[in-house]
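In C-alpha cells below, several structures.
One chain, chain A, appears in both complexes that follow, with chain B as partner in the first and chain C in the second.
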Partner chain A sequence: MNTEAIVSYLPLYKEAFVLTIKIGWLGIALAFAIGIVSAFILYFNIPVLSKVIKAYVELFRNTPLLVQLFFIYFGLPKMGIDISSQVCGCLGLGLLGGSYMAETFRSGLCAIANTQIESATALGMSKSQIFIHIILPQAFTISITALIANVIFLLKETSVFSAISLMDLMFTAKDLIGLYYNTTECLLLLVLFYILMLLPVSFLGNLIEKKVRFGIFGD
Partner chain B sequence: MNAFFEKLGFDVLLKGNNMLRLLQGLGVALRISVISVVISIVLGIILGVLMAQKNKVINVIAKIYLEIVRIMPQMVLLFIVYFGITKVLGINMEAEKASIIVFTFWGTAEMSDLVRGSLISIPKTQYESSEALGFTKSQMYMYVIIPQTIRRLIPLSINLITRMIKTTSLVMMIGIVEVLKVGQQIIEANRKTSPNAAFGIFATVFLLYFIACWPISQLSKYLERRWEN
Partner chain C sequence: MEDILKIEHLHKAFDGFTVLEDVNLTVKKGEVTVVIGPSGCGKSTFLRCINGLEDIQDGRVLLHDEVINPNKKDLRSTHEKIGMVFQSYDLFPHKTIIDNVALAPIKVQKRKKEDVYKEASELLDRVGLLAKKDSFPRQLSGGQKQRVAIVRALIMHPEILLFDEVTAALDPEMVREVLEVILSLAKEGRTMLIVTHEMDFAKAVADRILFMDGGHIVEEGSPEEFFENTKTDRAKRFLDSFKYK
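Now for the complex of A and B:
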C-alpha cells in the first residue's frame, strides 16, 4: 500500500466528492419536486396531464440512467438543445428520481383508508383541511421507507456521471488509475468516499424510519 | 419524410446492418442479466431461508453483506472486481465474467432480502392454525407457508429482474461492447454522412431498453394486484 500516493490523491478525491454530493443532492431535490407534483396530478386524476405523467413515469422507470444521460447529453444537442455535463447530470437524476418518487408518493396517497376521509368529513372538515391534515401526514408516514430507499438508490446512481465526462468520484478514480496504475490505493479511496457519502444517509434513514413509524394509525 | 428522418438521425439505422448490430448489443446485455438473475435467484433463496432461521452468526454476517450491497454503487463493485481483485491476485479476468460476478453478488443480496421479507411476513397464526389442524411440519410448509410466500415473492423478484437488466447498461464502462457501445461505434463511423446520428441512435437505445423492461414490470404489477389478498 502506497500511503504517499493516497495522501497526494486526497485533495483530488475531496474535490470530486464535493461535486458528486452537490449534483447528487440537487438532482434529488429536483426529483422530490417532480415527484410531488406528478403524484398530485395522478392522485387528483387531472385530465390529459395525468396521461402525460403516466407515460413519463413508465418511460423513465423502465430505462437505465446511463441511457437517459447519453440521450440528453449526446442526443439532444443535435436538436439544438445544448447543456453542460453538470446540468445534464442534475436533470437526468431529477427525471429518473422524479418517476420513482411519483410512484412512491402516489401509492402513499392511495393507501389512506376511505374511512379516514369519511370520518374527517363527518367531523366537518373541509376538503383542503382533510388533504392537509389527514391525508398528507399519513401518506408521508407510509411512503417514508420507500422514499429513503429512493434517496439511497439515487445517490448510488451518481456513479454513472463519469460517462458524460463529469469529474465525479468514479471519473477521478478511473483517471488516476490510468495515470499512475496505483489501482488498489485508488479503489480504496473510492470505496471510502462512497461510504462517507452513503453510510450517514443509510443510518439516518433507519433512524427516521423508526421514529415516523409510530405515527401510523392503529399500529 | 426522408429528410425529416435524416434530420433526426434515424436514417443511420437503416444503413448496412446497423439495426441488427444494435439488437445484438442489447443481446449481450440481456445475456449477462439472464445469467446473473438465474444464479442470484438460486443463491438468494438459499440465503434468504437461512436468514429467516434467526441464527445470530448468520444474521450478523448477512446484515454486513446486505449493508455493503445497499450502499456501494454497482459501478464501484464492477471496478473493484475488474481492476482491483484481478490486480491483487494477479489474474486475468474477462470483463463479462467480472460483470456476472458483480451482478450476482448484488442480486443475491437483494433476492435474499426479498425471500426473508416474504417468509417473515406470513403471520404466526398461519403456523399455529396448521399445527392445530394436525399438519406435520413438512405438510405445513408444503401446503400453507410456501404457497403464500411464493405469491408475495414472485412479483417482487420479477421487479428485481427489470432492475438487473437496467443495471447491465453499466458494463460498457468496463469495456464490454453492448448496445450503448455499439451505438457509439455507429455514430463515430457515420459522423460525416449523418451528423445527427447521436439523436436517432440514443433515442433508439432508450426505446429498446423500454421495450425490454416495460412488459416485465407490467407483469409484476399485474401479479401483485391479482394476488394481493
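Now for the complex of A and C:
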C-alpha cells in the first residue's frame, strides 16, 4: 500500500467529494420538487397533466440514468440549448429521482383510508383543510422509509456523472488510476469517500424515520 | 318541543340498487331515536345520508327547515351542527388525543386555542380519559378510542349527534364504557340518532325505536311498545334471532 500516494490524492478526492455532494443534493432537491408536484397531479387525477406525468414516470423509471444523461448532455446542445455538465448532472438526477419520488409520494397519499377523510368531513373540515391536516402528514409518515431509500439510491447514482465529464468521485478515481496505476489505493479511497458521503445520510434518515413514525406506528 | 331534523321521502340507491325507499322521520329536540334492524337494511346509509356523506336520489333532509341534502355542495356548516361517531372510531392516528379533539373547533370554527384546549380537557375528563390526552390513538383500547371520538364530536357543540354502530367493533367488556357515555348524554337531553345492535342498550336509552328492513321503516314505537308488543312479523323474527333457547 502506497500511503504517500494516498495522501497526495486526498485533496483531489476532497474536491470531487464536495462536487459530488453539491450536484447530488441539488439533484435530490429537484427530485423532491418534481416528485411532490407530480404526486399531487396523479393523486387529484388532474386531466391531461396526469397523463403527461404518467408518461414521464414510465419513461424515466424505465431508462438508465446514463442514457438519460447522454440525451440531455449531447441532445440539448443539438437543439441549440447549451448546458454545462454540472447542470446536466443536476437535471438528470432530478428527473430520474422525480419519477421515483412521484410514485413514492403517491403511494403514501393513496394509503390514507377513506374513513379518515369521511370523519374529517363529518367534523366540517374543508377539502383543503383535510388535505393539509389529515392526508399530507399521514402520507408523509407512510412514505418516509421509501423516501430515504430513494435519497440514498440517488446519491449513489451520481457515480455515472463521470460519463459526462463531471469531476465527481468516480471520475477522479478512474483518472488517477489511468495516470498512476495505483489501482488499490485509488479504489480504497473511492469506497471510503462514498461511505463518508452516505453513512451520515443513512444515520440521519433513521433518526428522522424514528421521529416521524412515532405518532402513528410507535416503532 | 321543536323539530330539529326532518327527513322527507328519502330515496337512496347505489348504481340503481335501491337501499332506502321513501323513508320519513321527524326528530324533536332532546329526543333519542334508536334505529335497529338486520345487517344491510340501510341503517348506516340512512345516517350517512343525513349528514351528506352520501348523495340521495329523491326526497330531502332538513335541519331546522333548512334543506341540507339533496346533494348541497357546501355542507360544512351542516357538518358542524350534526356530529357523527363512526363504527371504526377514525381518530387521526398522527395526532395526540387532545389534538384530535381540538383540531376541528380551531380550524373549522376558528375558536380560540386556549378555550378549545380547556374544553377538550374538561370533556376528556368527563369520559375518564384526561390522563391519556397526550397519548396517540394507537396507545388506546377500542373503547377508549370510541370515547375520544364521542368527545371529538361533542366539542363542536352539535345540535344532533349521529351514532353509527359505535360498539360493533368493540370487545364485549368495552361496550359498556362507551354505552354509559352515550346514556349520560341522553340524560342531558341531547338529541341523538343511534344505530345499534345492542338491544338492551336500545331499550334503556331510546325514546323511540325505529325498526328498518329492506330500506323501509317497518315498525316504529316507544321501547315498551316495540319490545313488549311487537306488531310486525318481520320485527318479531328479528328480535327472536337474539334469543338462544
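Going forward, the second predicted complex is superposed on the first by the 216 of 219 C-alpha atoms of A that agree within 3 Å, B and C clash if a C-alpha of one lies under 4 Å from a C-alpha of the other, contacts with A are read in each partner's own complex, and residues count from 1 in each chain.
In this section, a contact is a pair of C-beta atoms (placed from the backbone, for glycine too) under 8 Å apart; a residue touches a chain by one contact, two chains touch by 3 or more.
Keep in mind it's a predicted model, so treat the numbers as computed, not measured.
Applying the stated contact rule after C-alpha superposition, one finds that A:116 touches chain C and leaves chain B untouched. Contacts of A:124 after superposition: chain C is touched, whereas chain B is not reached. When the two complexes are overlaid on their common chain A, residue A:86 makes contact with neither chain B nor chain C. Between chain B and chain C, B touches the greater number of residues of chain A. In the superposition on chain A, no contact is made by A:145 with either chain B or chain C. When the two structures are aligned on the shared chain, A:184 is found in touch with chain B, with no touch to chain C. Once the two complexes are laid over each other on the shared chain, residue contacts for A:137 go to chain C alone; chain B is not touched. Taken together, the two complexes place no residue of chain A in contact with both chain B and chain C.
Only residues 51, 53, 75-80, 82-84, 86, 88, 90-96, 103-104, 107-109, 136, 138-139, 149, 152-153, 156 of chain C touch chain A when the two sit together in their complex. Taken in their complex, chain B has these residues touching chain A: 8-9, 67, 70-76, 79-80, 83-84, 87-88, 162, 166-167, 169-170, 172-173, 180, 183, 187, 195-196, 198-203, 205-206, 209-210, 213-214, 217. Those residues of chain A that touch chain B in the shared complex are 58-59, 61-64, 66-68, 70-71, 74-79, 152, 156-160, 162-163, 170, 173-174, 177, 183-184, 187, 190-191, 194-195, 198-199, 202.
Against chain C, the residues of chain A that register as touching in their complex are 113, 115-116, 118-126, 129, 133-134, 137-138, 141, 214-218.
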